[in-house]
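In what comes next, chain A is part of two complexes: it sits with chain B in the first one and with chain C in the second one.
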Partner chain A sequence: MKFRKERLDRGIKARCEDIFALSSYREILYLLLPRVLPVVLLLVFPLLKDIVGLYWEKVLVITCAIALLSLSWDWMASVGLISLGQALFFGVGAYVTGSLNYAFKWSPLLTIPLGTLGGALICTLLLIPVLRLRGVYFAIVTLTLPLLLMRFIETTKILGGTEGLSALTPLPNLWVELYIPVFALLLCLFGFRRLISEDYGLVLQGIRDNDRAVMSGAINIYWFKTEAVFLAALVGSFPGAFMTHYYQFVGMPAFALDYSILPLTASVLGGVGTFAGPTIGAFILVPLSEVLRAFGTLRVVFYSAILIICIVGLPEGVFHFIRRKYHQFERMVEVG
Partner chain B sequence: MLSSILIYGLINSVILALTAIGFSLTFGISGVANFAYGGFYILSGFLVWMLLHYLKFPFLLAIVVTVGAVGLLGFITYWVILSRVRGIALSEVIATFALGVGILELFRYLGFVTYEFTLPYLKKGTIFLAGVPIDYQRLFIIGIGLALVLFLYFFTHHTRIGLSFRGIAQNERTAISLGIRSDRTAALSLAFGCAMGALAAILILPLGIISINTGYEVLLIAVAVGIVGGLESVSGILIASLILGYTQVFTGTYLKPEWMMVVYLAAIVLVLTIKPSGLFGKFKELEERV
Partner chain C sequence: MNETILKVERLNKNFGGVSAIVNVSFEVKKGELLGIIGPNGSGKTTLVNLLTGFVKPDSGRVFYQGIDITGKKPYKIAEMGIARTFQMVKPFYQLSAFKNLIIPLYSSRVRRLRGGMYGDRDDVAIDLLEDVGFERDSFVPYKVASSLPHGYLKRLELARCLALRPELLILDELFSGMSMSEVASTLPIIERLNGEGLTIIMVEHRLKELFRLAHRVIALNFGSKIADGLPGEIMDNEGVKAAYLGSEEEEEDA
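What follows is the complex of A and B.
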């Protein structure tokens, strides 16, 4: 007797999916819970700082920063632009903010938005010449850009050289430190999920799937790609700008490999193309890496191992797995 | 002054070509991604060092063992990692990139970062050429580097294996229908590329210390040479190395040495905007890049 696994949608999913006449609290909960629960958890977590301790609150800030970088990675990936150098966005955003604050002593209220915007503009201008490339070739160039910028700063000794710029203005208080990244993360997560299902997002996905077909629809794909990269760079530069004031320091570590490989690993672990996946990935990886802090640089080896295992063995990602379990049930049926 | 620029420009160019050759063979000519190249490059340096210092091998034997071992490692890498994601170009890139980073950072963690890690010269001593002092090591680099480029040309144009390398890159299905075993060819290509990278590392690394960051730089050089020359062309490697090498030496002499690294980026961007297929690339222009 042979069996095979069969997957069927749960009844509640079928009822809630298309017909929006929800008839019970259970159905409302079924729809709302996966969306509201993470939001509530994220908003409540900073309030619990006396229970969980300040250390884990700081981990939350770093996690949000990495999650934003992962979202930015996933956004670029939905246009078919694979980046191996998210550190570019982070580093440029950080340096613009840092140097503005260092040179003019402007308050973080001004430098963080300016740094985000300026960083995004600079990154977009750097990437425009290579936007005509697809896939692998684009990936190669993004891989080299942060390395080159790091080397450039090291050798020309501009912007503080190897020493970096220190003694920058700190953020006003703890609540700002904790809530700004959380709000930014929620805004980007739900904003991106909304945008990708609008007409605009469909064009972007079309460019990923078949750019020549989109071109034949008289759409300028390079302009769309430029816009998409600008958006991704905004989301990627913001954590850079924020962390600069958070650490009160900006230096060459802003272009470190960690900021390239962590978002990449988080996205692949969580599930590419869903925005929720990369966020989940970041919330798994970053706390894990804090636990493993004692291992120092071995952590990068560890990320690489996870990355290889996920790419080769689990290309689906955590989010797709959870979603499947939530919406469907499995049973064994007889074959033949 | 001029003769020194000419000679050191040539040396620099051949070093670039030698660095890029293994990567070009794998990625450029047979279309198999090997972004662990920098990792394998540094791995071979440390492997020779460990064979010399821990096991007291004679230098020549250590070289042969290392080149063989790294080649074998490339072969294994293909079957363990790459064969499972073959055809999904980006997964290939990400997986091999992660492998390279893993190797490099593992060495950093194990403490291979101090100044004691140097490889010996093949032959010590200096001669004067047109009034410019050159040590034998650099002469070896020029000789072996040029010989390797020539070898690569004949290998990929006149041997069965070399032709099948190009075959699977140009059109894999047609290659299969002509009896080329695609997986085995790709694995061999990775092995050859890694072995060539190991050889390059053993020749070039004695000029300085073995430092982890060189691993990332090597990848950058390989990519720059590949893009400027056109990925699938052997003569492109040589010409691109000459252009980049001389430009670097000129910038180093007449501007500032700091700007030498910028040459790569400027060259990549310039070539991509003017002629995206590279100076000597013939095809792939429409299919993959623009």
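What follows is the complex of A and C.
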């Protein structure tokens, strides 16, 4: 006798796809819990600093930064631009902020927004010439750009050269350090999720799926791609700008390969194209890498092994897996 | 039917030494339904691509409403009011049928034509789908495009063009892959659109249906225009007969 697994949507799922059909607190809870719970946890975590310790609060800040870069990666991917160089956004944002603060001693309140905006503008201008490229060709250029800028700074010795710029203004207090990244992450996550399902987002997805059809719909796809890259660059430059003041230092590590690879792996691990997936991915990868510090040099081995197991075991991504389990139940049925 | 809407002058295109289009010239009058026929590989789709900016010509000019549009980008040409269907339909598969139309409805052309005041795009999209024969009361307009049968996808492609409110509609083998009944239900839609004053260029393999609809027909062979006239004249044209018979022999050889 043979059995096969059958998956069925929970009745409540069919009803809550239209928000009007919610009829009880139970159903409202079913819909809200997966959204509200992570938000509450994120907001409460900084308050628990005496319990979890300052070390883990700092991990939260770095995690948020990587999560923002992952969101930026996923946003570009939803227009069909596969990037291998989120470090470009991070690094340029960091350097613009750092040099503004170093040169004019402006407060972080001014340099962080300016660095984010300026970084995004510079990155967009750098990427405009290659927006026509697709797939792997675009990816190669994005991979090269941060490395190129890093070597440029090293050889020309501008912006502090290999030493970097140090003794930058610190952030006012711990609460600002902890809550700004959390708020930025939440804003960006829910903003992107909303925007991609608006008419504007449909156009972007259309460009990813069939750019010729979008073009023949009288839409200038290069302009839309430019706008999308600018948004992604804003979200990618912000963590760079923020971390510059957080570390009170900016240097060549801002262009490190980590900032390119981590967002990519976080997105693949979490589930591409959902924005929640890459965020979850970042919240798995970064803390995991901290936990594994105890293993010393073996850390990378364990880290990579876990990553490979996850990707082979859950190729769809963690988020898709959780969502499926949440909305559907499985049972074994007899096959005749 | 006197005003010229499209004028093509001595268009040429080579693909790596192969002449795809050779010295093709013709005019399309406003409100006309022009058919373009030709055996496989005769350059019909290349001609459509040249007219809509997807391929740039080596020489020659295309004038639309008196404006030179040669070598303009596809979105600019579409913006001016030339809409085209693709022979290979490739809708946005994960989107529902009516959401497929949001993309052209988002263009600046549609926003301009509606005078800035923009209503709910979803409603407009459903109306457009009804126009091309998607039953409003059924669930079909709400179905994901990937689950629709080929005939519906072809008509979705037509609706995508109509969303632009075009003045010139170019249909690249709209009927290919459609069943007899699907063709029968699509014919009246084309007739109605043309009756409402829309200029249409139909590139088609189904000669019987085309000859019934078209006011005038152009025949292509090996990239050159071999005949231009009323459907009846084209049907009796010796050159056209030879081109079609010739192509069938070649197909048998292949």
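Going forward, the second predicted complex is superposed on the first by the 313 of 336 C-alpha atoms of A that agree within 3 Å, B and C clash if a C-alpha of one lies under 4 Å from a C-alpha of the other, contacts with A are read in each partner's own complex, and residues count from 1 in each chain.
FYI, a residue touches a chain if its C-beta (ideal position, glycine included) is under 8 Å from a C-beta of that chain, and two chains touch if they have at least 3 such contacts.
Computed from a predicted model, the values in this text were never measured in an experiment.
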item: Which of chain B and chain C A:Tyr200 touches, first, second, both or neither; value: second
item: Of chain C and chain B, partner touching more chain A residues; value: B
item: First (chain B), second (chain C), both or neither touched by A:Phe152; value: first
item: Chain B versus chain C as contact partner of A:Ile221, first or second or both or neither; value: second
item: First, second, both or neither for A:Ile140, with chain B first and chain C second; value: first
item: Touched partner set for A:Asp209, first chain B, second chain C, both or neither; value: second
item: First, second, both or neither for A:Ser304, with chain B first and chain C second; value: first
item: First, second, both or neither for A:Pro129, with chain B first and chain C second; value: first
item: Residues of chain B that touch chain A when the two form their complex; value: 33, 35, 81, 84-85, 89-91, 93-95, 97-99, 101-102, 105-106, 108-109, 216-217, 219-220, 223-224, 227, 256-259, 261-262, 264-265, 268-269, 272-273, 276, 288-290
item: Partner chain A, residues of chain C touching it in the complex; value: 52, 54, 73-75, 78-79, 83-84, 86, 90-95, 99, 102-110, 121, 160-161, 163-164
item: Residue ranges of chain A touching chain B (in the complex, touch as defined); value: 82, 84, 129-130, 132-137, 139-141, 143-145, 147-148, 151-152, 155-157, 257, 261, 264-265, 268, 295-298, 300-301, 303-305, 307-308, 311-312, 315
item: Residues of chain A touching chain C in the complex; value: 199-200, 202-203, 205-206, 209-210, 212-221
